[in-house]
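The structure under discussion appears below in the form of structure tokens.
In order of appearance the chains are A, B and C, and numbering begins at 1 in each one.
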Amino acid sequence: MAVFPSTAAAEQAERRTGAGGRGGSGARSGAGAGPGTTGRGSQRIAYLFIAPIAVGFLVFYIWPLLETFWFSFTSFGAFGGNSWVGGENYGRVVQDVTVGKALGNTLLYMVMGLMTLPVAIVLADLMNRRGLRGVPVYRALYFVPFVTLPAAVGLVWNWLYNGDFGMVNEALSWIGVDGRYWVSDPSTAVYAIGLVMIWSHVGYYLIIFTAGIKAIPQEVYEAAEIDGAGPVRRFFRITVPLLSPSIFFASVICVINSLQQFDLIFVMMSPENPALGETQSVVTLFFKWAFDENSQGAAAALAFLLMLLIAALTYLQFRFQKRWVHYA
Amino acid sequence: MPEPAPSPGALSSGAPSPGALSSGAPSPGALSSGAPSPGALSSGAPSPGALAPGDPSSGSAPAPPRGRRPYRFDPGAVATHAVLSLGALVMVFPFLWQLLTAFKTMPEAVRVPPTILPEALNWAAFEKVFTAVPFREMLTNSLLNTAGRTLGQLVFCSLAAYAFARLQFRGKNVLFAVFLSVLMVPPQLLVLPQHEIMQQLGLLNTVPALFLPGMFSAFGTFLLRQFFLALPRELEEAARIDGAGPFRIFWSIMLPLVRPALAALAVITAMWSWNDLLWPLVVNTDPSKAPVSAGLVSLEGQFMTDYPVMMAGSVIASLPMLILYVLLQRHFVQGIALSGSKG
Amino acid sequence: MRRRTLLAGALAAAPAAAGAATGCSAGGASARTSDGRTLISYGMWDPLQVAGMKKIIKAFEAEHPKISVKVQVTPFTSYWTTLKTAMRGGSAPDVFWMNAVNLQLYASEGVLQPLDPYLERDKFDMGVHPEELLRMYTHEGTHFAMPKDFDTIGLWYNKELFDKAGIKYPDESWTWDTVRDAAAELTDRRTGVHGIAAEMHNQYTYYNTIAQAGGHVIRDGRSGFGDPRTIDGLRFWTDLIDRGHSPSQSAMADTRGRQLYLSERVAMNYDLSAMASQMYASPAIKDHGGVAVLPKGRERGTTIHGLANAISGKSRNTEAAWQFVKFLGSRKAAEIQAREGVTISSYEGTQDTWVKSMPEFDLKVFTDMLDYAVPYPASKHTAVWENLQPQLLGGPFTGKGGIEDASRTLARQMDLALEQEK
């Protein structure tokens, strides 16, 4: 019995169309497409269909990728022209203490980003309560921060976090807690930003998990209920394990996204903020090197480091998914 | 229970089978190995059903438990509502506060303890936004940027996706693998050379520079391809027998069938384009050629602590996407469930 | 009469225009107005100075009817990136504002027109501008820009708060110790008033005290942040924060030191001379604000910085551009600028106009300090090591201690960066 109707459907659909992104089967589907699609003329037409985007990719993605690689071994003249410097840029990336700091911060953002997932799972589970009214309204509201442009989100939260007049400190004072300068105190700024990240992404993961939970058949819950399992037990014994493919998907996306944090940090941290060094991410550092300090070569090297990091962490997640992800 | 629930999802409405959705899989190909988001589409949030109370979601769920106690007081439900409402308040309050602050004067905004409502509907902050930075031009730039990227993706991605899904040609698999690999590269890696290219084309500080690279999307191609794959072959064959050429078939038969996917792609692309910050900061440093996202940054640089002005700017900048969201909520949710990361 | 002067001006400008025309056969058309005048563009960033500049340009165009100047204002935040890319694309303004941070980069990369040939030809005496400024805009013995204005730092104080605490106002006799004692006395926990704003800002605060302590920021291409005297200059500020006589930098990132001074929540603040007009616009400060020379440490010192006008090395109208720059460096232009009251003109003897424009403040202190002013430190890639400062000094400036370690780390990082310049 398939626990995931949709997964089963996916397989079925793949079988039917002979597709699924795997090279060999794709060819099969085409081969049977009948006369007219295999001739020379139709080949030319196929290329015509693909030509515009292929040109775009070549110019704006593939060529730049090669170029960045070359850049990472050169030094840029401030007003044009670059010269070969060998591994010097990579040397700087390894030596510079700000890189280590930014790397640490970025990993911290990633950990905080991952904490969005449990929050979203609990919310999705709560919304899945039988007969609960108003769920679509909740879902719509939780989703609003994700739609809003990050630059605006950053400004709003800077205002809320303001140490002198912010609502966060005001709210804390009601319960007798002393406020502080959340985004300009080096010991809290990174967490303050992390909280905003969680806040603005929870709606997105909520959608993913809601869908996953919906796919769990009610019978499973009912059977557990008859066996006397309480809501907490049902959550940990049914919801979480059966949701693990969704959680896996979400965590892969989450890691990729949080390693590329830029907008919020850039907007929330002004240049005179003493917490700047404690909040800088790899991408904000990249931006500064590339467009503020004339170190495009080192910036390119840094970008490659980031790509390696993303690739490595994504690979590790896939590697270890078998340990905890239960596919039906 | 191998048979999926007949999907209420709007995405499937044009597609002949729910499988069309499921094979849509999540974005990066590598993830499809079991990722759940197909389910996200067929049974999840986006469905029109989701707007009705009670969610008739997975068709397999028997109704009785729901009907059993329609009007009974349920402490569990009350507690759930309490938690969810509190959460909703946390989600919405910042926006409310932003709006209220925008209507205040600076002395009013920094009053201790804070007052909730502004003394009067004070539009001065909004006026300042438009005089301090060329905000009107910025809104236009954002609009053009969003339109350019979205239209570009719809046209270029659907053409390529159709060819990859339904046509046969030499080098298809290799080409498709190259396309997929583009999907894996973090965008920051490409920013420097893209900037160089724009400079060589003489396009720095022009509106086309904002949207040109964003018109081509590997994700969009991949997404639409999955939908084209799921369409039944009979349709095409019938048309071919009637003498329709490949472009006719694409344009008048196949494209309308994936309309829901196009809508989801359009909406999600529009959102990313409107919100994008890094690329505009890099390529258009001239304020009158920058979009609103970068406009907010320069507003911040100028006003530092004048929060009413910054809040007014944020309200205006985020309003268009919010309106679009309210109008097209369904497509937003679908697009986002499909996309995962930035396209 | 009037007609004749105009005509004379036209004649005088004619060879210049002709020279410009022959020098730019490639793209001459784009640099002409419809009525045949040579069009040059002028890049600047401060919107507050546009009105004054328009007046200066009007006066210039009256003297040079064959030349027309078009102003391009780019906000400071994007000024340098825009200029840089414009330089690469060959579309930079003919004349533009230059600052000390960028001069060496632009001069060494050859994108600025050296002024020396013109200065010699026209026997222009650069001695009318302060020597520190000239040094700032000289690269390898060649002048690359014409000083326009200057800024020094002074001690702004609040007389009312001083009276309340029963302390004498600051004057030339003050030393670091006097400041420390006064800051302690002036700090009032009840009212939330702090004695001083120890803001983490190089130009306004610690560059000055580093000079006063006998330290240095950069010398012979090496960082001075490892020098014990430099560290003394930094510790002066972090001590004030640690003792609670200044708000911490966390608070001042949310509300800047200048704002705190204007809203009378700090009694003393080290700030720019250029801020005088803003201080003057605040009724409370106009009434009971004051300014004094910076207190003495081991020695006296204040940071001087000024803007200058430079000619693009890619300009197609260098002669017309030079005529404009020469005019901008003249007494006439300096006086128009001084009357606007926004900045202190660098031309000698024109400062009085500015000093007298706000009689309530003793603005003379800013020009008095010229005797021992220290030029704003810079190297080829100044921004690189300047950006390191807030990153590494943030902790100590928020009361977390460790200024000595932070400063030494900064020295090491800065030396790495300076190494890369070579």
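In this text, a contact is a pair of C-beta atoms (placed from the backbone, for glycine too) under 8 Å apart; a residue touches a chain by one contact, two chains touch by 3 or more.
By chain, UniProt protein names: A = Sugar ABC transporter permease; C = Sugar ABC transporter substrate-binding protein.
The structure displayed is predicted, hence computed values, not measured ones.
J.: Measuring between Cα centroids, which chain is at the maximum distance from subunit B?
T.: Centroid comparison gives C as the farthest chain from subunit B.
J.: Going by the contact definition above, tell me which chain pair has the most C-beta pairs touching.
T.: Ranked by contacting C-beta pairs, first place goes to A-B.
J.: With chain centres taken as the means of their Cα atoms, state the distance from subunit A to subunit B in Å.
T.: Averaging C-alpha atoms per chain gives centres 14 Å apart.
J.: So, what's the distance in Å between the C-alpha centres of subunit C and subunit A?
T.: 43
J.: Please list all residues of subunit A that touch 2 or more other chains.
T.: 162, 164, 270, 291
J.: Which positions in subunit B touch two or more other chains at once?
T.: 297, 304 - these are the residues of subunit B that touch more than one other chain.
J.: Going through subunit C residue by residue, note those that touch at least 2 other chains and give them in order.
T.: 81, 88, 254-256
J.: Which stretch or stretches of subunit C touch subunit B in the complex?
T.: 74-78, 81-82, 85, 88-89, 254-256, 259
J.: Any idea which subunit C residues touch subunit A in the complex?
T.: Subunit C residues touching subunit A: 81, 84, 87-88, 105-106, 109, 111, 199-201, 248-256, 381, 383-384, 387-388, 390-395, 397-398, 400, 409, 413, 416, 420.
J.: Could you list, by residue number, the parts of subunit A that touch subunit C in their complex?
T.: Touch list, subunit A to subunit C: 77-80, 92, 95-98, 101, 162-164, 180-181, 183-187, 270-278, 280, 288, 291-295.
J.: Along subunit B, where are the residues that touch subunit C in the complex?
T.: Interface residues on subunit B, with respect to subunit C: 199, 202, 204-205, 285-287, 297-298, 301-302, 304-305.
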